[in-house]
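Look at the two complexes coming up: chain A is in both, with chain B in one and chain C in the other.
Presenting the complex of A and B:
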């Protein structure tokens, strides 16, 4: 059993079983007539829509717009999150001052900010980016704070014995010791950035992107376009996750293999 | 301080005299539940340069606290601790320590862990790699330079921690139950290595341990401490040259004596201490 899972080709094949079944069931429902045929476009017409969208360049432009928005927002939001989390972990006074406020604010779900942001900044691309930043900020901040604030005293003692400066202590003890949690925070931040991107595009509809196309397709009742876009969103999200997992493995190669 | 009552093997004359550690009228208390509880009381102890001193005692006698004070991780104490005449107030590269848990940084390889100790020394960068390799060889870990701590066994990790503490060539090396977590076989092995390293390096060493046999095998002197608060109860001179033979009758006789001291009930102690007459007569 494990031998099967440890080889590349069988692993890949096993992972493809469920998607293949899904597609087969889909095709069967879509062509069987009855009520479900209205809910699902046949694979052939979805493929035709895909070719159409690729042909006129829409899909490519959407992917670029959405990825740019997601990663820009992630970079800004998670960057600020890591910086804030580090600062509050290193300076307890600062933590005491801003932690209660931040903890109250993070109880508002990302989407809950939309009306306020809409009123303040309008429903343009800038507002979409703010939503993405907000989504990425909190998980990055919370995990970074927890990681750095809980570094074990026994390691800090070692740094003291070897006369580490503040900078050395940060770079050689605090940061690497907190890295597993920081990476967890960044993984979550990216997931939230991705959700925030799609949600804000759907609801604000500015500047192009997969969410904007979804919104337009819904208005035009283009079921095939919706399905193509949803599939592409799923595949992109999956790819991003794979990349993050690989980065994590590489950065944390000093950890014993997880059980 | 008494004169050397026993011959030291060869190294004595060539090594520079350094690493004299004096504790005078040392007191230390912790505040627990708003009340000051003394953990160390009136400790007077001079460790001669190049000497190996073992400290034994029951839990709660403040042995580890004493080492934390000497290494400089805790500077709130009464009395004086001096190394070569200088009062100890903070950590220093002159004083190294091996903790009971190895405390290697899991995110660094063995080599990087050892080299880290040299970060703030004036050792030229170009020479560091060679010095690190030398010390890894000294503890018998050549070939494991690139291993991460989780890839090492307990005994290997503890030896690596010893290498990390020795690489800065501290005047005094403090060992806080360094072998406490090891199994009996590994323990004997690392004890032998520790003795060999001490003979090679000749720095002053102070080792805290639960194991009376280990204390006697390695120590020039064994300090027996009593708990609540921690006090020096007895100082035993072990008049045997290094390297030693574990089967030496003297070591066994001293072991019985110290164990009787630690578990027995000599005059002057409160009568409510539990006694083990059977063990004393053995």
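Presenting the complex of A and C:
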């Protein structure tokens, strides 16, 4: 058995059994006409929905809208986060003043801000972007701060010896030493931006995007559209993870392999 | 996507002072800034109500029993859903860690579903379960299931092989193996997974209540938003933040106590 499992092809086949059973059970329930068949869409209609969404191009518009929102919000939120984290790590006084504020604010989950933001800025695309920025801001800030504030003293001592200027010290010691944690922060920020994008689209329903399509499909009881959209969400999420992993490897190539 | 546990380094040494009042510095300074911003007259009361007003609203809602009802409903859903998700996650994680066959059969499907943010499952679940209690409990269970299953898998896989070999030498029976080796060896990592799952489940529950509910903290905020009751919305923000904070703190405390023997 174990010998069989260590080979690639049987493993792959085995992995396909559970999804296949799931689909078969699904199809059986959908076509048997029981009480749950109202909600279930047969596989044929899911495939048809996919063809329809791809054919009229709406799905590409949604993907572009969602990705644009996620990455714009990530760029703004994480950019501000890295800047704030750096500033609070370099100037202890600033840290003393604003860290307690930010610490209290970040206790509220990203989604908890949605109604308040909706009330302040309306439930438009701007509000959706603010939620994404907020989600990306805190992980970027916290990790950048931790990375720069905890640079080893001996590195800084070497800088002293070389009489580095402030700029040199920052560029040649603080930044490289903090880079692993900053990247961790950016990774988390992107993950939060991605979830925040879908959540805000789902809850506010403004503009276009995968979340908006999900919301509309739910109201129209189009399970086939929902399933296609969820599948695309999964693929995009997976792709983003892969990109992050690659960037991390590239940027941290000089580091020992343990990180 | 939300696969990484979030380590939360405290951003300030300021909050780690020795004074017993140090933990209060964060909320108090926020309240002070908030109150000052309101008193400065920069913001009209339709945009920002002072904390004193929010406190009054909370007091009134607590007096009428409304606040307790919302909090009680939310916490009940959280507890019920989390219990289901945690048990399923523990069982599933342990199963795919211990059996190569189960791993090969189920991990591809598991890892595929893991790519979908739990929030994206909300519309599907609404179609299947409606918008009543079963839906909210199920979404909490799903949110808790994934991080716990993954943490359990990692923890069980991380147990050194040699320990199992020792158990074999002593002919330890399965119940003893679980009780004396598996559980002590995996408790720290599993507890971390449970804590992360708990805070995540709370966030997803608030989102689900925002979308569809007749009670709960999320619904309280959503109603407040629709009726332009800024004080109610802000009260909801404060309460949801406080509950999230207390859940995380409580779980950390349990984690610390349960793993104390390790460092001793």
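A few notes on this one:
Just so we're on the same page, the second predicted complex is superposed on the first by the 215 of 259 C-alpha atoms of A that agree within 3 Å, B and C clash if a C-alpha of one lies under 4 Å from a C-alpha of the other, contacts with A are read in each partner's own complex, and residues count from 1 in each chain.
The working rule: a contact is a pair of C-beta atoms (placed from the backbone, for glycine too) under 8 Å apart; a residue touches a chain by one contact, two chains touch by 3 or more.
Note that the structure is predicted; figures quoted are calculated from it, not measured.
Because the two structures share chain A, they can be overlaid on it, and in that overlay chain B and chain C fit beside each other without clashing. In the superposed pair of complexes, A:127 makes contact with neither chain B nor chain C.
Shared-chain residue A:95: touches chain C; no touch with chain B. By the touch criterion stated above, A:66 is placed in contact with neither chain B nor chain C.
Touch criterion not met for A:86: it reaches neither chain B nor chain C. When the two complexes are overlaid on their common chain A, residue A:16 makes contact with chain C while staying clear of chain B.
In the superposed model, more residues of chain A are touched by C than by the other of chain B and chain C.
Judged by the touch definition given at the top, the superposed model places A:114 against chain C, while chain B stays out of reach.
In the superposition on chain A, contact of A:162 is made with chain B only, not with chain C. The least CA distance from chain B to chain C in the superposed model is 16 Å.
Of the residues of chain A, not a single one touches chain B in one of the two structures and chain C in the other. By the touch criterion given at the top, residues 1-4, 6, 8-15, 25-30, 33, 47, 100-101, 104-109, 112-113, 115-117, 119-124, 126-128, 199, 202-203, 206-207, 210-211, 221-222, 224-225, 228, 230, 233-234, 236-238, 240-242, 244-245 of chain C touch chain A in their complex. Residue ranges of chain A in contact with chain C, taken from their complex: 1-2, 5, 10-11, 14-19, 22, 36, 39, 85, 88, 95-96, 99-105, 107-116, 118-120, 139, 141-143, 145-146, 184, 187-188, 191-192, 194-195, 198-199, 202-203, 210-211, 214-215, 217-218, 221, 223, 226-227, 229-230, 233-235, 237-238, 240-241.
Chain B contributes residues 71-73, 91-93, 95-97, 99, 101, 103, 105-109, 116-117, 119-120, 148, 150, 168 to its touches with chain A in the complex.
Chain A makes touch with chain B in their complex at residues 154-155, 157-158, 160-165, 168, 172-173, 176-177, 179, 254-256.
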